[in-house]
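First the structure, in the form of structure tokens, and then the observations on it.
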């Protein structure tokens, strides 16, 4: 696979340079929403969806900004549009699909302040991805986020049944677990790049 | 909300100090973790990031505080974010102008200050309710707490991971750096270790306090 | 199809505890003398307690009904001996709570010859009459569950029963009472089976016997006619082969679905003791007033199989069999499922098949409880194919609801196989009992 | 007796207990490991002896310390920590500096085990947590191999072994060149295969006359240990078998496709730490699923992932990371592979 | 200069577009939820204990806002906070007779017989399932502290005779202990009730006293002394009819020979004729 | 709240204007602030960027002191002007304005992520004279040997990249070989222990050189004309 093939971009974002475990993006929700598997799953889905939406928005905005030669407004535009898009999605969901809203909705405001979302938009721009590449990248990032979240949730829920010493309960242990996961993900380094 | 108690804060020393420890955004509130982990592989990066975030925090929150009576609830998040993004962009260009190396080292994380939950969180929870003075002082405190936390990670990671501090080699030629410390897992581990230490100390202090209380009851 | 290929002659999993049956399997059944006082609990069966028919001070003849059934889901009680009713009051029971019991002052030996009975011509009776006669005899499952036998003879109408399975496995270590019954009373057993077959309207009966009791198989075979509708089948010796679901799987290859009764797969299961006693009692119209009890274990001086009047205090039985100085733990039933008693004043009840006495508790329980190391031994022991490891971990964090809702707690029949193998000494079954008990309470309160 | 006074014990059933205990299981694993260690010491010399002693001792000391701190009763008696120590030592290169080995051992116990509450509660294989940590911390030292059967290996230590704490080990190429007759490439069979497409003869792999980690040497001895444990039911045979199966499933098609470029399945099985890992590490019960189906899924996952990393990743050896990742998804595997209750019918 | 104009113009346009979108969304998609619910929920203690009779604090807040319940129903919150909520919502504070958990057993290890030495999971429920746990009295407290463990408010501590003691000030009447006790010994009682029977033993006379020195032996003196039908004997046990609580008085306890019926007022008071318990250590196994 | 209240809360006409006004104003304000900052910092940033490129450039083109940018378009090499599309090529000249070499960017996937370098090409000896890493995320201590390892740098004293006579591709592809086995000038002696990273360098150099070297040779005059 070559470095700019869609497959490589997807896998690189999802696994090799996992957004959470290797790039440190979206740590706050990763720590916050990984206590229970089902919420983790819903959050993951919500993030994938919002990433896709904002990646597409960002692609469009960037095109416009470049035409007007006001690239320096990129950050503001991205974040404003993403935030509004999230809010819009949230409201639409609340109105038309309360069930889906109950499953995903509570996470949506959290996503607004999730570096991973903005990270996708910024990286795809700085790496000059094409439209399909951007989509692959955002999907990969979302899937990678979900993988990390689910693994973490599995471990944490499993540890609820353990007699964890009181000092290491809570944030400290979560952090160490994340470290261990990150350590394990180092095994994926170089995956998919040709090494012949 | 007439019935609710008035929560406007009087400025005291505590307004500032709280951010350093009790409400430390990193160690206590676990906010804004991404830059904390991502850019602390050297002390200088940590410091720069801390200062940049503090600037954005104080500046944007001041503006939010000033405008707090004019912003309708429905658009408040959008407004806050635009304000924050403005200051972030300014910092971004400032750092590029100062040093490209530093800019490259901090990577995209300068821009990602925008989404640092700490800043938006403070805007929502504090600046939108408090007057300018308190906001600035509190913002400075929180920012200092954030910088302190970044530094406490950055120094440990740099010393162990590269054998240097602020770029100055400490141990001579033959020192074996612990590469893991500057890699992603190291960030988690060092932060986890700090949290462990704090939890441990906290627990011991709690125990001592309990004992004292018991002793008082007995006498 | 694949199932048929891979299913062995027995159920999956299970354990192989040492059986210690040689202690008593060669000893014929002996009659135990009467104790001075017998205690007949009004509730020694599943279902509603019986209603006393007698008053304090009243004289009763051996075998006379002294309490009547309270509706269909209940059984009467009969006087185990001739004597005078001393009192009717709360007495300790083996399970803990005190229950209403009839206390009988027994007259001296010679008066015990008279028997209260009411002969029937059983061959002339129809189904309902047989079932009524079974209820009148006060028969309950002698295999340990003490479920009223006549209730089991009337399966729900939507189930069609086609086979009777006689449970002669006796998979519990130490116990040999069913073994002795099969050896000594094969005629009564077969009579009982034919009677029950008629009542249930089935064409076929299988007696399942573990293959460590081949002598019993041979004896029974001798009593069968050629091409008999009754057959004997030896099944592998493995605990808990005697659990009805396992036995049905072993002899018929049918699997009773979770939460269902054997009749859902067309089977009725009865213990051989139940059948043999029914075969003896029904024609005479007598009630259940005694049963065979194996008394065994390292703490017993004279192990054996005793024919014990119902209501005999455990203390009396122990005195008779003799216990060693170090006796420490008295278990009613077998060592895998039986329970220890604290008060020796509790009486022998209809469902009590054995009494095992242990000396030192260390010998069977080593060391403190350790965390589950997830060795998976319990999973490969559990005959119900549950996940005791997960259940145990959930129990230690008191998540009883999840145990029932997600991990089939209620399908556990507390056989103890998981606890038996657990290298971490986790008292899994005990946790499961706690969990079930809490869930029951919560359901009752809700 | 008659006197009720003698009868007092009240217990819940069952009143019989099979006699195998956790400590016995662990002790037997140690027994099975001893021949592996012995062969390793024989092949690489005193350096490995010191290495194994260091990891085991530091593991035991750390365990004792953490038990003290957290107020647990000491768990040294259950032998599990000895296994951790030995296995950790066996996964390190023979000339690995002892101070780094001590770091690995401390991290293994602290981060891998004590943090979560000790035996039974750890979520990842402690020995491998320790090794992964030093692999990331000291990537150069942990990829510095020395050849087996050097003359003088019982009289002289590999120079890097006794590196002073916190110092960089000195390069050992010169020392090896001086010792060995043929030129030593410093590469393990896996690296040779991956980067030069040079295959190592299977007999050498079987008997362990190749360079590599201290314990990834003789496949035969490791297998014998595994068979012993499996026969005594102290190890789940499905785990190693599953791992090997998984490895073959992935490597076979590639080999058939391009035998020059991809290694043959037998080579995949015998080279690197796969054997040691499959027999002694994947089989660690604590961090693997318990459900019958889960066991297979887990083992196959690890086997397949190992080969994927080996063939397409940046590393030559993937088994350590594969196991750690397997540990990480083990709770999820357990969850979706709950066994079917007796009598439950397939939903059709 | 043009540059600046373009930038400012663009941003203004963007701002207006976003605002318009939000305005429209706000109109079209708005789902009303009373903001007071959030405000009130913030003022509640977040214990989610259920003492108020709802499924949790959020539900309670919802019911408060619509006026179905009154703030006083939360027994965990401080009185001031409840007053704040009441003021905020402009409703009556309302009140609930303060309740506490009361234990109907006084048979600590120094007075109650034990026959068996229970070994196994340290839990009353577990013991109760093993032949009753070895306690002589089949109704009495097993002393293995299930209630102490279940109480989230640390309102129960086991005394040195392994008998739970409720600290009235801490008890929020959440009822967890009532649910957990396998012997059903706890019940929630208005804190103002003074007369209390601390026994559930249904045995009579010597049989009862043989199992526990402080058991109600069913002698009936309290029933005879108490005014009206306040105390009656049911199954050999004194039962207090709290609907007649108005004429409760200490006379009922004075002649109790075992001290099973007590008067609660700044501590536990027993009648003059009650046995004096001097024994401090546990009774030996019998 | 009654239903009527709810409706007014939503349809409050003042609210709409306030929302529009606030967001619009804030957005304008922010636009203004940003654009001012941008204008103010632009020269410094450009200067910084130029310095950074030149620092790298002059390192990979020994002897160069000034530079000129070109773009390789489909028609051949053109001077870089705004909006010329194609691969940028930086030419370095000495004091006298003589061409000392050209520099190009190349990239390939390394151990962790994509590695980007700037390499210097000497069109007269037809060889690569050095490279500078622009961006890499390789493991410190291993991957960064490509910078620090003297043996490895030795490869680039004069790494042959001769254009094929056909005018397409190289005569000899640049290939990595195992450490210590370099015999030909077009081979790269890899670093043992960091094979992956060093092979990535070889791969990216080869890929890039195969493309651009023939073109440079063809249009050398344009580049030489330079300043």
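Just so it is clear, A, B, C, D, E and F label the chains in written order, and each chain counts residues from 1 on its own.
In this section, a contact is a pair of C-beta atoms (placed from the backbone, for glycine too) under 8 Å apart; a residue touches a chain by one contact, two chains touch by 3 or more.
Quick caveat, the model's predicted, so the values are computed rather than measured.
Colleague: Enumerate, in label order, the chains that touch subunit C and subunit E alike.
Modeller: Per touch definition, common to subunit C and subunit E: A, D.
Colleague: When I count C-beta pairs in contact, which pair ends up with more: B-E or A-F?
Modeller: By number of C-beta pairs in contact, A-F is the larger.
Colleague: Tell me, please, which chain's centre (mean of its C-alpha atoms) is farthest from the centre of subunit E?
Modeller: Following the centroid criterion, the farthest chain would be F.
Colleague: So the centre of each chain is just the mean of its C-alpha atoms; given that, what is the distance between subunit A and subunit C in Å?
Modeller: Measuring from centre to centre gives 60 Å for this pair.
Colleague: Based only on mean CA positions, could you tell me how far subunit A sits from subunit B in angstrom?
Modeller: Inter-chain centre distance comes to 22 Å.
Colleague: Could you grab the centroid distance between subunit C and subunit F? Build each centroid from C-alpha atoms only and quote it in angstrom.
Modeller: 85
Colleague: Take the average of all CA coordinates in subunit A, do the same for subunit E, and state the distance between these two points in whole angstrom.
Modeller: Here the centre of subunit E sits 46 Å away from the centre of subunit A.
Colleague: Where in subunit F do residues touch at least two different other chains?
Modeller: Each of 19, 22-23, 26-27, 30-31, 34-35, 38, 111-112, 139, 141, 196 in subunit F touches at least two other chains.
Colleague: Find every residue in subunit B that makes contact with two or more other chains and list them.
Modeller: Residues 74-75, 78, 82, 85-86, 89, 93, 179-180, 183, 185-186, 189 of subunit B touch two or more partner chains.
Colleague: Residue numbers in subunit A touching 2 or more other chains?
Modeller: Residues 70, 72-73, 76, 80, 84, 87, 162-163, 167-168, 173, 176, 179-180, 183, 186, 189-190, 193, 195 of subunit A each touch two or more of the other chains.
Colleague: When you check every pair of chains, which ones turn out to touch?
Modeller: A-B, A-C, A-D, A-E, A-F, B-D, B-E, B-F, C-D, C-E, D-E, D-F, E-F
Colleague: Could you pull out which subunit A residues touch subunit C in their complex?
Modeller: 160-163
Colleague: What does subunit B use to touch subunit D in their complex?
Modeller: The contact residues of subunit B facing subunit D are 171, 174-176, 178-181, 183, 185-186, 189.
Colleague: Which of the residues in subunit D come into contact with subunit B in the complex?
Modeller: 100, 111, 133, 136-139, 141, 163, 166-169
Colleague: Taking the complex as given, what residues does subunit A use to touch subunit F?
Modeller: Going by the criterion above, the answer is residues 3, 8, 12, 16-17, 70, 72-73, 76, 80, 189-190, 193-196.
Colleague: Using the touch definition up top, name the residues of subunit A that touch subunit B in the complex.
Modeller: Residues 21-28, 31-32, 72-73, 75-76, 79-80, 83-84, 87, 109, 112-115, 117-119, 122-123, 126, 166-173, 175-176, 178-180, 182-183, 186 of subunit A touch subunit B in their complex.
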